[in-house]
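Below: a set of structures, written as structure tokens.
Presented sequentially are two complexes of chain A, the first with chain B as partner and the second with chain C.
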Partner chain A sequence: MSTRNQMAGHDVTSAEGRSSSEANRSGGPERWLVVVAMFVALAALPWLTTETRLISLAITTGINVIALYGLAILFGQAGILSVGHAALMGIGAYAAAILARDFGLGFWAALPICAFLSAATAGLLGFPALRVSGHHFVILTFAFGQLLTIVLTNGGEFTGRATGLDIGPIETTFGLDFNSLAGMYLLTLAFVAISMAAAHFIDISAYGRTLRSIRENPQLAASVGIDVRFHKIGVFMVSGLFAGVSGVVLAYYFRHISPSLFGAFPSVYLAMMVMLGGSRLLFGPLGGAIIVSFLPEILDLDPVEARIAYGAILVGVILILPGGVIAGIGIILRKLVAMARRIRGLRFASIESERNAEGG
Partner chain B sequence: MEVFIQQILNSLSIASVIILIAVGITLIFGLTGIINFAHGELLMIGGITTWVFVHNGFSFLIALAAAIVVVGLIGFLLERGIFRFTLDNPMNGFIVSLGLIVVLQHVVVLLFDPNQKAIPRPLTTVWDVGDIRVAATRIMVIAVTAIVVALTFYVIARTRYGRALRASVADRETAYLMGIPVRRYVSAVFVVGSMLAGLGGAMLIALFPITPFTGSAIVIKGFAVALIGGLGNPGGAVVAGVVLGLVEGFSAGYGFSEWTDAYSFALMILILLVRPHGLLGGTEGPRVNS
Partner chain C sequence: MPLLEIRGLKKRFGGVVALDGVDVDIDDGDILGIIGPNGSGKTTLFNVVAGVHKPTAGRVVWRGRDITGLATHQIARAGIARTFQQAMAFTGLSVGENVRIAFEHGAGDHQSGGSRWKSYEEILDFLELSEVAPELAGTLPFGHLRRLGIAIALAIKPHLLLLDEPAAGLNDGETTELAGIIQRLPGEGIGVCVVDHDMNLIAALCKRLAVLDFGTKIADGPADAVLRDPKVLEVYLGDAA
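Up next, the complex of A and B:
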């Protein structure tokens, strides 16, 4: 009987010992059903509420989430942290506005071009920055955010100076009108689903394993024939692709963009969302963005108080739950399950011992 | 020629503030590997503290001392309360500092307001040397910075504390085994770095008005300077600070003022392409064995 208890205890510890991302990766078909059900439920939101405020907040959250999945691949998989992602979004957004103004390109035509431009910018930035350590990279990405703001402000008529640029509505495609709030919401949700799926497939692919090997031990990765520098710049470009798409959607949702949207601070907030949610989990970036966007609504905080709260929560999360809030919730749930199992195990054990007593 | 000398003076006074912050950044990085983005907020708090004291009728000198003490205390509390738990993983220290930027900025906004704050010039004298107008405040800023930086260097290069510090930077574990109280040195470096930032803040508000958001604009120049000189190398920070200050000053003086803030970034990229470890060579931060 006592051995049995020990075995149960052993099982529990091994389940806890399994890394969260591993648990994440071994999802069965039920897991997919849960994801699909969640997206269906989210898609129904515009018909469940008439509060436009809630829906527009959900749209801006979703737009951030697109970029956040790129950031999560960069930091969670390859272990490279960027605090310049809003600037990469800005490249996409400004490219979309300029392509629409000077070449008459619509949303769908501009989307791949702008995403590519963001990725190319990321590559150019990564080229000198990823030569040395991660510290230099972090500082350079932050500086890049500041620089972009200066360039956009000083760019004259071409970038619209400090007031920024206007952009037309998304053209009607296949009879779908994206200019209603509900249409924009569904479009954003679709992009969120695509970026989430892309992040998942990178996570489970050989490419994801390559990136993780670089994160864990670059020297070892290089010694087995992985071109570390190529992949570092490559993954930054991949995450730039996400940022570019997010920027284009942002431009077409706001219909007006200005340099201040893409400075250093929006980037810091993006990094914060990823850290809060946890970068290695599939639901981490989504959770982090939802926490940051909806926390002030729920707690009824003014913007200044809300920012103090974000900062304090971020500090607390990093010190207490380095994997992020979502991973933290996962750990707590698993502990509860383990505790429930142990209690059940004890009950079985006591029943058994009663039986033994009866038998003997 | 007059414009030239005028510009040198102006540039050096701005460079002084950047050097004060860069030396703190690079010392903290060298010993702990933490890139403390919130260092600029310490500078800002130093400036705001000076403003509070001057506006309550104290002299600039007392306000300056108060700024140094207040910011030094904040640095101590941050190290003891937060950063010491991230010593094993400097990347976490960096992320925490991102959170701190936001907290410190908005606490200041909450306590005061987001508007610009200025104090009257502490020294109103203006010397006329030939055609050059020399504001005594600028000379004071340059002189104070030169003295403080020289003192810091003397301590690092010549005293036993400095030797222990350099030993800890070179190899934290071995230094600890040799009986150097490394943890205490980490606290000390945070406090000294913060006090330099506090002094920098007082100097900055003597030159220009500041807002609660000034810190993050200055800190990026501090990082640029630290990186150009070589992260972890205080001497490099001083050299790079002077270089950047001169470049910015001349560009502002000769008609490209709207691009001033972009030079630090351009220089950074250029230096990283040519000399990846900075002009004078930096460190990679401490080795983390855990």
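Up next, the complex of A and C:
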């Protein structure tokens, strides 16, 4: 019986060792079913509740999630943290508003242009990453966010100063009206699904491996032929694409944008969501955004209390669950499964020994 | 034509002259050993060839092409691989992923008898790392980590491999095993240049030796002749006496 126990214990540890490295990079078919089922369930939300407040909160959460998958690639894969990402959303949002005002471009026409502009700005933001790293770089991205707020506030008529800019509704496309709350929700959800899929395919691709190698050891990465400087700028641009799309959707949802939407606090919230949820996991950014957005709602906290709660939770997560809450849940589930297996193993073993006793 | 020609290579760090006009040739299918006391410029020589440092003067010519001052990743893509003194790996990634990343970059050069390894798994096999492929590189014992360093370097499909103290930290058994692996490389069309203090390893591997002292080459030739050279004996034994 004791040998059986040891064997069960050994099985568990080796399974954990594997799942922490290569095994979790490729999802099996069951995993895809879970993802599809989740999105179907989420898509049903507008028909399950009449509370507009809940749906509008879900929309703003979803808009953040789009940007968060980009941030997760930057932080989780390449290991570069940015606390200026709301500013990149701001580039996308303001570009959309200005393109609509000055050139009459609608949502779909503006989307690729704004995403590109945001990516280009992100590339510029990435340049200092070639010279400074770690905390110094985080401070630089923070300064970039502040700088953009100042520029937008002092941009005169062009950026609408502190009041900001108005933007029209999304044009009806293929007979679909996105301006109802449900329509906007489904549009956002579609972009969330695309972002998640894009992040997943980057994660399992050679490009994802390249980014991880730079995160792990830039010197060794260069010695195997990886252009580290090129990829550091590149991953910023990739991440900026997500932020740009997120900003355009945000602008068309709020129909009015102002500098304060893209300042220091929104940027810090984005970084916090990705750290809370776990930047290296498929469900991490989604989970982090839901926790941060819905927590004050669920616990009925006012904004000041919410900030205190966020701070406390973030410190707790960094100390106790460095992989994020979603990774933590994964670890707990795995431990429970292991425990269940061990208990079953014990039961089988005791039945067997009873049988042996009977036989003997 | 030699594989790699190093001509009059100089490197100064501030007031310190680490390399003072070194000439070395590395030939195809050769295992060249570079020895010398601490601070004689061995690692600096590797770092300059591999593009980590730009030389103050001199030239590095690779298969007839001047590669002096190219960036590290460009040198790797040209087909020169190197390992590090401090057994380096992507510690947070699996052993398999470590080798796969290198395989997906690097020279990608299958011409002129390039490597026979058609996949990264074959390289894992060659270095007997297949069994630990799913493990995180950071959890490997040191001897395995050394082999992983060589696997990563070979995965870029190089024509020349620079080994910086590959036996450092290994016990005698592991060193012998390592020497066996290195000896097979010229047969795979890969030239090798080894820097080490471990005279057992050097003696087992190298038919030709070059000796550095204070950034200059004081001897170069067949191993047994070099090891009997009075200048070399003075550098090695003079200090000890």
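One rule holds in what follows: the second predicted complex is superposed on the first by the 350 of 360 C-alpha atoms of A that agree within 3 Å, B and C clash if a C-alpha of one lies under 4 Å from a C-alpha of the other, contacts with A are read in each partner's own complex, and residues count from 1 in each chain.
Quick note on the criterion: a contact is a pair of C-beta atoms (placed from the backbone, for glycine too) under 8 Å apart; a residue touches a chain by one contact, two chains touch by 3 or more.
Because the structure is predicted, anything quoted here is derived from the model rather than measured.
Asks: Tell me which partner A:Ala129 touches in the superposition: chain B (first), chain C (second), both or neither.
Replies: Once the two structures are laid over each other on A, A:Ala129 reaches chain B alone.
Asks: Looking at chain A, does chain B or chain C touch a larger number of its residues?
Replies: B
Asks: Identify the partner contact of A:Leu140: answer first if only chain B is touched, second if only chain C is, both if each is, neither if none is.
Replies: The answer is first: A:Leu140 touches chain B but not chain C.
Asks: State whether A:Leu220 touches chain B only (first), chain C only (second), both chains, or neither.
Replies: second
Asks: Touching A:Met272, do we find chain B (first), chain C (second), both, or neither?
Replies: The answer is first: A:Met272 touches chain B but not chain C.
Asks: In the superposed arrangement, which partner chain does A:Arg212 touch: chain B (first), chain C (second), both, or neither?
Replies: After superposing on A, A:Arg212 lies in contact with chain C but is clear of chain B.
Asks: Applying the document's definition of touch, where does A:Ala243 land relative to chain B and chain C: first, second, both, or neither?
Replies: In the superposed model, A:Ala243 contacts neither chain B nor chain C.
Asks: State which residues of chain A lie in both footprints, the one left by chain B and the one left by chain C.
Replies: none
Asks: In the complex formed with chain B, which residues of chain A make contact?
Replies: By the definition above, chain A touches chain B via 81, 83, 128-129, 131-136, 138-140, 142-144, 146-147, 150-151, 153-154, 264-265, 268, 271-272, 275, 304-305, 307-308, 310-315, 318-319, 322.
Asks: Write out the stretch or stretches of chain A touching chain C in their complex.
Replies: Touching chain C: residues 17-18, 20-23, 206, 209-210, 212-213, 215-217, 219-228 of chain A.
Asks: Report the residues of chain C in contact with chain A in the complex, numbered from low to high.
Replies: 50, 71-73, 76-77, 81-82, 84, 88-94, 96-97, 100-102, 104-107, 133-136, 152-153, 155-156
Asks: Under the stated contact criterion, what part of chain B meets chain A in this complex?
Replies: Per the touch definition, chain B meets chain A at residues 29, 33, 35, 37, 82, 85-86, 89, 91-92, 94-96, 98-107, 109-110, 216-217, 220, 223-224, 227, 231, 258-259, 261-262, 264-265, 268-269, 272-273, 276-277, 284-285.
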